[in-house]
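Labels A, B and C are assigned to the chains in the order they are written; within every chain, residues are numbered from 1.
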Amino acid sequence: MKKARASLVADLRSAIGATNLRLLVMLGLMIVVLGFMEGDKLFGVAGLRSMAFQLPELGFLALAMMIPMLSGGIDLSIIATANFCALIMAYMFTSWLPETHGVAWGLFQVGALMVGLLMAAIVGLTNGFLIAYLRVPPMLATLGTMTAVKGLSIGFSHGDVISGFPEPVVFIGHGSVFGVPVALIVFFLVVIPLSIFIKHTPLGSAIAMIGSNERATQYSGIDTRRSVMWVYLLAALLSAIAGVIMMARFDSANAAYGESYLLVAILAAVLGGVNPLGGFGKVSGVILSLIILQILSTASILLDLSQFITLAMWGAILIIASGGIVLKERLTEHLRTSRNVSQLKKPRAKAPFEVRAD
Amino acid sequence: MHEVIKRFTRTHEFRLLLVIIVMAGLLAVFTPEFASLQNLVDVLSANAFIGIMSAGLLVVIITGGIDLSFAATASIAQYTALTVANHFGIGWTGIFAISISLGVVLGLINGVLMNTLRTSALIVTIATLNVFYGVLLTVTRGADIFSLPDWFNAGFELVFHTDAQGASLAINFQIIALFAAFLVTWLLLNRSNIGRQIYAFGGNPDAAQRVGFNVVRLNLLVYGYMGALAGVASLVQAQLVQSVSPTALVGRELDVVAAVVIGGASLNGGSGTVMGTILGLALIAILQNGLILLGVSSYWSLFNTGLVIIAAVVMMAMETKKRHKLVVQGVTS
Amino acid sequence: MHQPEPGGQITIDGHRVSHLTPVESTRLGVQVIYQDLSLFPNLTVAENISIGLHSGRVKAVDWRKIARVADEAMKRIGVALRPDDKVADISIAQRQLVAICRAMAADARLVIMDEPTSSLTRHEVDALLSLTLELKKRGITIVFVSHRLDEVLEIADRVTVMRDGVKLGTYSAKDMSDRKLATLMTGKEFNYECVAQDRPDTETVIDVRGLSREGDYEDIHFDVRRGEILGITGLLGSGRTELALSLFGMAPPDRGEIRVNGQVAKMRSNRDAIDLGIAYLSEDRLSLGLVLEQSIASNITMSVIEKLVNKAGLIRNDLFDSTVSHGINELTIKAGNPENKVKTLSGGNQQRVVLAKWLAINPKLLILDSPTVGVDISAKDGIYEVVRNLAARGIAVIMISDEIPEVYYHSHRVLVMRSGRLTGEFVPGRCSEDELKEAVNA
């Protein structure tokens, strides 16, 4: 019986991964503790809805950060890209949108969206080119594009806020279908194919291999430069979607929105089990970590804590999580060495030409 | 001597210096204000905060680490020191003592976590950034301090020379602190054995341990030093803007990283010089200042900075590639 | 660095010492020259040599003293390096000298050299060996750790053989031979026989004509047939690896042509080479051959992953699993679970994973660059057997190695490469191993 349970745990662990298991336990504990304190409000309809409205924007940014980190890189330009796209679209909506509601009106909005994504693609491909072909370290390349792209946004907008969007855009930020926020629907529409892409496509697995050892991957016949171009292109496109959602939720666009999200996106990805050195990471882990961060944030508002304490708690959780991993490693190492000592006492090999006792 | 000069002409610093000289020369010709003493003082004061931080960050980056929490550290140091100064007459020594020691303590927290967590420095300092910043904002409720002690607002300056019209040649608090930070960092890195240990540790951490350097202590020292300079920089900035805001500094971390990186320090550790960092800082400062003097809208200055960063990192990547090729050929031939 | 288990004892100059730290060992006159040399690439030659001066409490750096100590150390062993060069900019052999100078500067009386010759050319090895003998004459004790048996016998007075952490015995070097030593190390007798048969009379797979690449190799002609094993031997730096990379599409030649199955092949990248059925096993298994952190399964499938997909572009689990199990079975990889990381495997099994990866593409030509580097002596035989079986299946094999016996006993023909040129062709069985050795070292 005991054995069966042990194997069940092992099966569960291999099916969902050690990191996800840890996150699930953390999530479970939080739900129990916070449920006692603020259960009806936090997990009531209003609480869940407010969380569901807020989660997608950081969600997209965390995923945009995750893919480069999976490849052993990083993308510091995601926020700048998101704001840049939002500004371009906002400008088109407010200046050129036809007055009358009609087919042209609708098509124009789709067109504006496409232009925004195209701009993001250009930023992403620039990052990819700098990193894959000119061999600039990812952090430096994206630090440069981050500054330049934000500079472009400020240059064009003069730092002003652009607001006043047509209903469909507002709907993305504030509307819901059958009680589910549109932004969350968009999030899942993107997340599911993204998860399949990372786990089940050649390019997805190549990205993880590149994250662990780019040269060996190249020697095995994988076009690593093309793969890296894709990495930063995808990151930029995901940030563009985050930009649309931020724009829709705030009803405005600005060059400096959401800057504090940059480092939080890294935090969310790492907490979700993305290895900062590259090679490992799951979309499901990142989503779990996003849910944890979001619950903490909403709960601290409900408990009338300062909204800023959330930041401190997010940081502390990351330290505790990585501390836990180190502690576990130390413990297993300790166990292993003590086992080795007992093995060393009997010689493992004897002089040649002797009959071995065992 | 000839050999030394020849070596220097092949360095990243030399190329930066050339660019700066050309840029400064053109600006001096086209805008008379650029070469004025007043402009120089203004530019130096405005960039003192970033400059002092970059000196500290350089030391961290040479060990192969990075620190993104220093702006939060500076905010805490600044806020605490000047709140105390508003209630007790502690004077300059007092606020320096408070802000520096707070900076060191917060820096040491980073150092300890770095030694125990064994995860990347980026992640550790992003976590501590959030903790420090979150606690600061919670405690202060995000409120600014507008009235600072008069003696602090007055600042101090060293007057060298006063001419007949009463115009004086003086350097202010910001500039003194900026020069002191770079001087101390230069002494640490090039004139003390600890500095050489820092370079060695950044170049080959395993070997540093094998040679018998205490790398745990080096980590503590480096992040503590960064914290101390963050403490100094925070006072410099508060004196310049004559107020304290808990939210004003956080978000400028990457500007500091940019200055150090343009100065030629590698994020892999082991390389980077005080001279390079000064030049990297100067390049950004002169560019921004010059474009404004030339009448280019200040809205575009960030974009231009971005282009300079991209140009610098691409140039460095090319250099690494070439160097790598040379070494490979040198080995096989 | 590592503390031994309690119970043993170390005696230095008649004093028992416990808890040796690196600082303590240095004070007692013990210096270790690690296999990776443990130098600081970002510091100058002089500073690397005098690095000991930086230890201890906070103090000012005395740059003059550093230069003087470095100069004295270099003079003592009679080497001339430019003290202001950065170690990153000098050759591996020069770095080796820097490491020895560092030991000298620390007044070492016992120098432990761990695999000092592993990345040196033969010429440089000779220089190092004579320098080592010179040190010995001056009364410095040397522990020379190496797996190259001929070097050990050439230089040592006494040889201690270790296996799996256990000392098997200490023998006088005079009474030892390569063969005896190898037997001691592995615990089994080696009876090599040459392949010693004529090259198979099959169609030509690859035909190289007048291939040249500036600075690497010049005017290379050879061909390999189906089922043939062609050995190419030469010293480090003879251009052998560069030639292999050219055949694999990763270092385009300047002149000459490569014909694969009679067609002129223009390869722009290794992807083109792989499409032509050419596979390359790198000499640097740990950083170029494998992605150590990732699973055995993903390493095996890496070369063909783009072909294991369905129409939607998703990886087909059935094809993936069959590729993995096929590779594991065919090469008898001892892998508990294919999801384990490759780095958990032994050297021999790791090399089998690399081979499995390349067999998955159904290669026509397999280029093996030093296939048994870092593989246990006892596991080498297994690799050779795999290679012979592959050749028997009709794959053309090029085996590059600087270990003479490796190519002598396992190829149909051996080409000798020196300074970028092919200087001789030998048929094992019609010449002796020593003749081949002479041709390589000449």
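The working rule: contacts are C-beta pairs under 8 Å (C-beta built on N, C-alpha and C of every residue); 3 or more make two chains touch, one makes a residue touch a chain.
Treat the numbers as computed from the prediction; the structure is a model and nothing was measured.
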item: Contact graph of the chains (line, ring, star, complete, other); value: complete
item: Highest-count interface - the chain pair sharing the most C-beta contacts; value: A-B
item: Averaged-CA centre spacing for the pair chain C and chain A, given as whole angstrom; value: 41
item: Gap in Å, rounded to a whole number, between the CA centres of chain B and chain A; value: 30
item: Separation of mean Cα positions, chain C and chain B [Å, integer]; value: 44
item: Touching residues on chain A, where the partner in the complex is chain C; value: 14, 196, 200-202, 205-206, 208-209, 212-213, 215-223, 279-280, 341, 344, 347-352
item: Interfacial residue positions of chain B with respect to chain C in the complex; value: 3, 7, 190-197, 199-200, 202-204, 206-213, 270-271, 323, 326-327, 329-333
item: Touching residues (chain side chain C, partner chain A) in the complex; value: 5, 163-166, 168-169, 183-184, 187, 250, 269-271, 274, 280, 282, 287-294, 298, 302-303, 305-306, 308-309, 313-315, 339, 357, 361
item: Residues on chain C engaged by chain B in the complex (per definition of touch); value: 1, 21-23, 26, 32, 34, 36, 38-43, 47, 51-56, 58-61, 84, 88-92, 215-216, 237, 239, 242
item: Contact footprint of chain A on chain B as seen in their complex; value: 68, 113, 116-120, 122-124, 126-138, 141-142, 250-251, 254, 257-258, 261, 267-268, 297, 299-307, 309-310, 312-314, 316-318, 320-321
